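Every chain is named by a letter (A, B, C and D) in the order it is written, and numbering of its residues begins at 1.
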Amino acid sequence: MMLDPGGLIATGLLATMLVTGAVALLVNDLLVAAALFGVFSFAAAAWFAALGAVDVAFTEACVGGALTTILLVAATFRTTRRLDR
Amino acid sequence: MPGISAVEAVAAALLVGSLAFILAAVVGILRLPDFYTRLHAVGKCDTAGLALATLALALLSGDLVLALKLAAVWAILAVANPTGTHALARAAGRAGVPVWTADGAARRKSRRDGGPSR
Amino acid sequence: MKARLRAAAAALILGGLFVGLLAGVRDLPPIGDPSSPASTHVSPRFIEEARRETGALNMVTAVLADYRGYDTLGETAVIFAAGLGAFVILAASIGGPRRETPGPGLSHRVDSLLLDTAARVLAPFLLLFAVYVLVHGHVSPGGGFQGGVLFGLGLVTLRLVWGPPRPDRAASRFGPGVRASFLLASAGLLAYIAIGIAAMAFGGAFLDYGVLPLGQDPAHVRELATLGVEAAVFVAVSGTVAVLFETIAVGVAETGRPLPNEDPAPVEAREEG
Amino acid sequence: MIEALAGLLVALPLAGAALMPMVAVLRRRGTRWLAFGLHLLTFAAAAAVFARTAATGEAIAHRMGGWPGPFGIELRLDGLSALIALLVTGLSCFVASAPVDASRGATRRASPVREGLVRGALSMLVAGLVGIAATRDVFNLFVFLEISSLAVYTLVASGGGRATVAAFRYLIAGTAAGSLYLLGVGFLYGLTGTLNMDDLAARLPGVEADAALTAAVALIAAGLAIKAALFPLHGWLPDAYVFAPAPAAGFISAVMAKVSAYALLRLLGETLRGIPAGAMALETMVWLGTLGVLVGGGMALAQRDAPRMLAWSSVSAMGAILLAVGIGSPLALAGALFHVVAHALAKGCLFLGVGGLAETLGAGDRRALRGLGRRAPWTAAALTLAAFSMIGLPPTAGFSSKLLLLRASLAEGGPAGVAAFVALLASSGLAALYFLRVLEGIWFRPRPEGRPAQRLPRALAAPVLSLAVLVLLGGVFSAVVEREFVSGAVEAVAGATADER
């Protein structure tokens, strides 16, 4: 049951999302956090595609993978790069 | 081998080749000493690896339209990937990210090992 | 100590949420189960009738833009509201004295032949593909939102390479300023509402596209109107994407020095290994 | 014809939200009267719809896109929805005419473009709130919840400075709330395959999945309770109300949390009532509301800053409304709805007045209000009236609503009913303490030396005075209010639940 490839891929993607999301919350360097969010979004997009929601995956890839990362980086440039200073 | 056609075998070989390139890029990121050299590894190996992967997928698709679409993907990658690498390197250069040199490394090493400079 | 207490409380709450969700999810029918209520109650009508009733080959488009078009209007408004909020909060000085012109980077032209050429080659395809995604939404995944974001990303790409619109530069033709992008976003939302009200003017309900005088076959009329609505979403979303970028990126200066708070010693750190 | 008005009720302010910023960016002026006209038009539509529902006792439905029931989205305005829509659109008229920089006095003028943008956000907020009141679709309700939330963050943040931080905290809380609600809706959809409230109510009793149902109810209740500032989920409220610019604060404090309370009533009291978890959530709400009444009152007493005191008294009032929604008897619902109306009028008046004064003076310290009675007797009288309503003194609307609430909690009996009764009485006592302290300063103390003279901007004075008059009228003609406005709304909910039994 756990060994069917679809399930394994989905589990892997979900684990990636969990790990990148958690690490993005914990790191002090905001540019790193932005990059991790990009990874998170791509994993989410791939997972949506695996679920058969191609439209949602498409949107997530555009918005989360590209746009949000750009905006986060731009916002980081405007404010401060590190959280602890 | 039963069940595997020649096309599939070629595609599999291409995929393995693409993986090798991408693996090289990963090793490059981890092992090379500074930003520029790491970028060098990623820019070249990634582009090559992805090109091989799209070629493999085009072979496997068995559909001309799909293959053409994959060719378009490859064309865009071929332009966008090096451009992105260029932009990164250029920005790093402007921001003054230091370049690794053998001399510099040796100097810093001697300093770290208790040299007189500090 | 207080921070630790807070973290513990947050962990407790989130842990409770996790356990509760897990307990609840076990009761739900499995994903894609054809006998689940989600697949047997409302969906069959969408699956069986969407083509005949709305003219859209892509059921997702039929549901999003027609059956539940009101939600889509709401979502467009949400996106517009995000742009409006960013505009109010970040571009507060608009109409006031002019900002000092910042240095190159996110707010200035990047003078690089390579980037310039690549943008010239790629951007037209990006923008065209966005329109393709919009128009093809009837048949394949895509539509106004996706196309709009792609178009907006195309604008952002141009903006990143060619800098902000400046009256003394030819690039000003491309980089849409905050106001222009914002007008685009408003116009998109207004157009959506206008289509809805037009349907009312012809005797239907709000967003009841079938009554619009665009042809004989109601399904075909609905298909056309759906395209109109998707185009409105497209305009609103691409405008908002540009507004968000313009408001967030304005004022970022590339100084030629390390970024603020940048640690200038990553190379030395690497050499340890 | 009237169905068309129901459809326009959301479309009009939404169009305004897009139109006003557009006009502002293009022409730079004229948004003030455009805003006023649009809000008045919307109010007229809401009034017409309300009058029809009150006259016939029947709901007015509008099928979006012409699609029926669970396939499309249906707006339906029964007595309750129409009352909320009337309240929201009516109050929006009062603040729509106030320039957004009214609170800043002569020191700083907001640019006309910015004014137009903020007016657009207000219009967006009205569209979202009316949409929540009108829709019969649980997902559509989420969409409108998001619209109103984004608009309200913008309005709060438009105060600048610390308001931005308050808006950000509000945003975190609001986003968490929205996500919880959406998760709950997802569960409901997975279990029933429908998003339509009537369809849900019909199909839910047949669902055999207790854990999932409980999770769904808990998620939806928690999400909406955050938005409604139910104790202990009220953390976002004080800062957001205090730092928002005065006109926005007046409107937000009057209606924002109450529309979420409406959504709680709609979903828990009607759609989800048929399942055990729904009833349990309502019981919990009685106790939490009771606690909220006491904590809000106590915290209000501890504040030196007048706007902050008002904000905490809002927590207390939301507790009172939600505990009555939790009790759920027709008498309690009448009390809750009357209290919604009375509190909206009085709190709107107070926040516009005190907020406007505090910001012109540059200080919210309640001592800054000393001597107001001599300097501006009309404003002072209006504030006094509104304060009386908050305490629950006759002859104001607050007295009548508190009386209904007290009667309802006594009639409910049991430990919860008694606790609610005691808490409501205590909250009146607490409110008397903290409001009379301010009123004493306003009427019997001289203006402190070195303080600038208090002056309410004219654009705010008119709304403050008219709201105070409404508070008074609502008390004097409380029987009329109860018969004409509240009873129809109560029947809309109580009637539906009576059918099920």
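Keep this in mind: contacts are C-beta pairs under 8 Å (C-beta built on N, C-alpha and C of every residue); 3 or more make two chains touch, one makes a residue touch a chain.
These figures come from a predicted structure and were not determined experimentally.
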Chain pair that, of all pairs, has the most C-beta pairs in contact: C-D
Mean-CA-position distance for chain B and chain A (Å): 21
Between chain C and chain B, distance of the C-alpha-averaged centres to the nearest whole Å: 31
Centroid distance [mean C-alpha coordinates] between chain D and chain A, Å: 37
Contacts with two or more other chains, residues of chain A listed in rising order: none
Overlap residues in chain C, where contacts from two or more other chains coincide: 259, 262
Shared interface positions of chain B, touching two or more other chains: none
Touch-based graph of the chains, sorted into line, ring, star, complete or other: star
Pairs of chains in contact (touch as defined earlier), listed by label: A-C, B-C, C-D
Residues of chain B touching chain C in the complex: 33-35, 76, 79-80, 83, 86-87, 90, 94-98, 100, 105, 108-109
Contacting residues of chain C [partner chain D, same complex]: 20-21, 23-29, 36-43, 45-46, 66-71, 73-75, 77-78, 80-82, 84-85, 87-89, 92, 94-96, 179, 182-183, 186-187, 189-190, 193, 196-197, 200, 204-211
Chain C - residues contacting chain A, complex: 31-32, 60, 105-106, 141-143, 145-146, 149-150, 152-153, 156, 160, 241, 244-245, 248-249, 251-252, 259-262
Touching residues on chain A, where the partner in the complex is chain C: 51-52, 54-55, 58-59, 62-63, 66-67, 70-71, 74-75, 77-78, 80-82, 85
Touching residues on chain C, where the partner in the complex is chain B: 110, 112, 114-115, 118, 121-122, 125, 254, 256-259, 262, 264, 266-268, 270-271
